[in-house]
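First chain written, first letter: the chains are A, B, C, D, E and F, and each begins at residue 1.
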């Protein structure tokens, strides 16, 4: 249960409804999830976060499926339950198969392990990794 | 400077050299980076970590480039300097362009932001995200 | 459900009861929350933690409300459910309005995002930020 | 040293210069720090991040000084060197005294400690903390 | 509820059953916990993770009880509910008393606190701590 | 370089010197490390932190060497450079051999990996792990 009220469409101000409408139109769904309903208590944050997510997650040099899987990888690393569940669903909807999920989790697990080994031994960075890009 | 000695090839035991040889053969390089030289102080960990990385990062349902970018995303989330630098280099070597890097970092940043917003408001998980897969 | 028993007032030793009494007197409440009841299994930790919290959270150069909001910001960053809920309540009790909560969460979210961007690009620190204070 | 080039004003596109100009005008400074110069490699991220920071950190229900200290608290929790140094400077510029810094760090330390204690014992949330706000 | 199906022994492939059998034989139990049943959806990860855990957690320079308590300390720091509960049970089974648990948690709490204080003030490392081991 | 001045013994107030003396007497050394010199800018925090560390790290149900290794494990997980270096030194001084360090790091790495796997798949806790202790 959230620490703030979830603002349903029917109880939302015109400003909030405008964002809800855009979410549903962009994602081609007929419902808005609880995350947005919680953010709606602070309309500037709702608006800014949605605009940011829309910009960041669209097609670009990286396909949406890749972006969804990266989002899931970060959520798993941070241990956010809501995010893990919603982004597992989002990634599956974007095309992630069971095999992809299994490999993604394996990479996330290994990265979290070797991050600590490298940090734990305070390994100095090899010069080839310090190259300044042109 | 590492908290343990970096084991150079010349000073390595046959067991350690065997792993070094496999790293260089697999990665098609003629040098071994400091991370492995630090792990070499505990040969079982060197061997197990290399075998794991080799298995996890190979081609599969996800292409190596995707895996490298996920590894970088996790390293950025965790803030490990060695890992960020070595995996930025690794991802570039696997084909990551500047545009991909820019979009990847944007996703990592957004995910770390919304993870805290969802957690911070203790948003309850929507039923559609609780579906048991078949 | 905790991994240790919650020690109720009635079952507590005199040493533990003394801490419970001080908590209730200081916070002007007639109950002790589960966090303290769990810590009570290790009386030195209960005592030390309460004394520390009492010292750190009192009025000083920063008002208690500011301190409560900072405590909440850290708890949100770390994703501790018990802490998020108890400190959201504590901050509200100290005077945090809905508008303040909305702005606080927005700052916490942005900070978690830009922390990863700065770290992810390994941005070097500008000299003006390296000034030694007098 | 950053993993991307720092884009100096003189080498920047008109789009990037526009953001640099707004940063300097808003912050009343005559220089742009390295964080923005690194983000400038991906202009959409530079623009979006600056617009977000400008919106989130302005005066509102919480004064800018409070927001700067919260930003510092999160950066300390996450361990980002660039962020800790730049935001310590930013908070001092906004009015944070040495006494405030000392108290802020004490709160951040305690919160990181009790977050682990509460999580570690899996303490169940007390009903009064589960109240749904009106 | 997991985001993947839990693979029960009866529904498992011979490859997965072989791992289940080894887990039960090594741990002298007649059941396999949910963690392994979830990993079983990606047999290479199940196999690799079990082999790694078996190697890392066995008797060595550090006794199994010490290793179990360290595993718990990391799980508490990261806030993983499943891990905290399963490893509290595992450590108790290996011989951890209530007094040991209380002291362990106290150390974990303090370490998480002083880690932020040291990082927060960007304390420079004393030369004696930079000694290269022979 | 720290963001606050390091308070040397010669420049310290009697209150701070008293703490420095106790640190040196307890640790049987003739110098105080930079961490304490930075905390000394806020005497209440210096005093409280030292008293806490002294109480928590002494001999008890767990030997000091075990506590030092747990402290190092947490510091490695969190990635605090100062802490990793100072506690690697502290653990070695308390008796940690190279073999112990290698095994400790292996456990820390595995735990950080499996924490993410368990969290990532949102594995439900097995009933035997939910037992209420007597």
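Assume contacts are C-beta pairs under 8 Å (C-beta built on N, C-alpha and C of every residue); 3 or more make two chains touch, one makes a residue touch a chain.
Bear in mind the structure is a predicted one, so any value in this text is a computation, not a measurement.
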Review point. Any chains in contact with both subunit E and subunit F?
Key: A, B, C, D
Point to revise | Any chain that touches subunit E and subunit C | key: A, B, D, F
Check your understanding: Which chain's mean C-alpha position is the greatest distance from subunit E's?
Key -> D
Check your understanding: Out of C-E, A-B or B-D, which pair touches the same way E-F does, with over half the contact pairs the same?
Key -> A-B
Practice item. Would you identify the chain whose Cα-based centre sits farthest away from the centre of subunit F? Key: A
Check your understanding: Does the subunit B and subunit E pair touch with the same residues on each side or with different residues, judged by whether over half of the numbers are shared?
Key -> same
Revision key, fill the gap. Averaging C-alpha coordinates per chain, one finds the centres of subunit B and subunit C separated by a number of Å equal to 33
Exercise for review: Could you put a whole-Å number on the gap between the CA centroids of subunit B and subunit F?
Suggested key: 27
Point to revise | Of all residues in subunit C, the ones touching two or more other chains | key: 1, 3-4, 44-45, 48-49, 52, 56, 77-81, 84-85, 88, 98-99, 102-103, 105-106, 108-110, 112-117, 119-122, 130, 133
Exercise for review: Assign the assembly's chain-to-chain touch graph to one of these shapes: line, ring, star, complete, other.
Suggested key: complete
Practice item. Could you please specify the touching residues of subunit F with respect to subunit E in the complex? Key: 1-4, 6, 33-35, 38-39, 45, 49, 52-53, 56-57, 60-62, 66-67, 69-71, 73-75, 77-78, 80-83, 85-86, 88-89, 97-100, 102-104, 106-108, 110-126, 128-131, 133
Exercise for review: Write out the stretch or stretches of subunit F touching subunit A in their complex.
Suggested key: 76-77, 79, 81, 84-85, 105, 108-110, 112-117, 119-122
Point to revise | Residues of subunit D touching subunit F in the complex | key: 79, 84-85, 88, 98-99, 101-103, 105-106, 109
Check your understanding: Mind pulling up the subunit D residues that touch subunit A in the complex?
Key -> 1, 3-5, 44, 48, 52, 55-56, 130, 132-134
Study note, to complete from the structure: The subunit E residues in contact with subunit A across the complex are 3-4, 41-42, 44-45, 48-49, 78-80
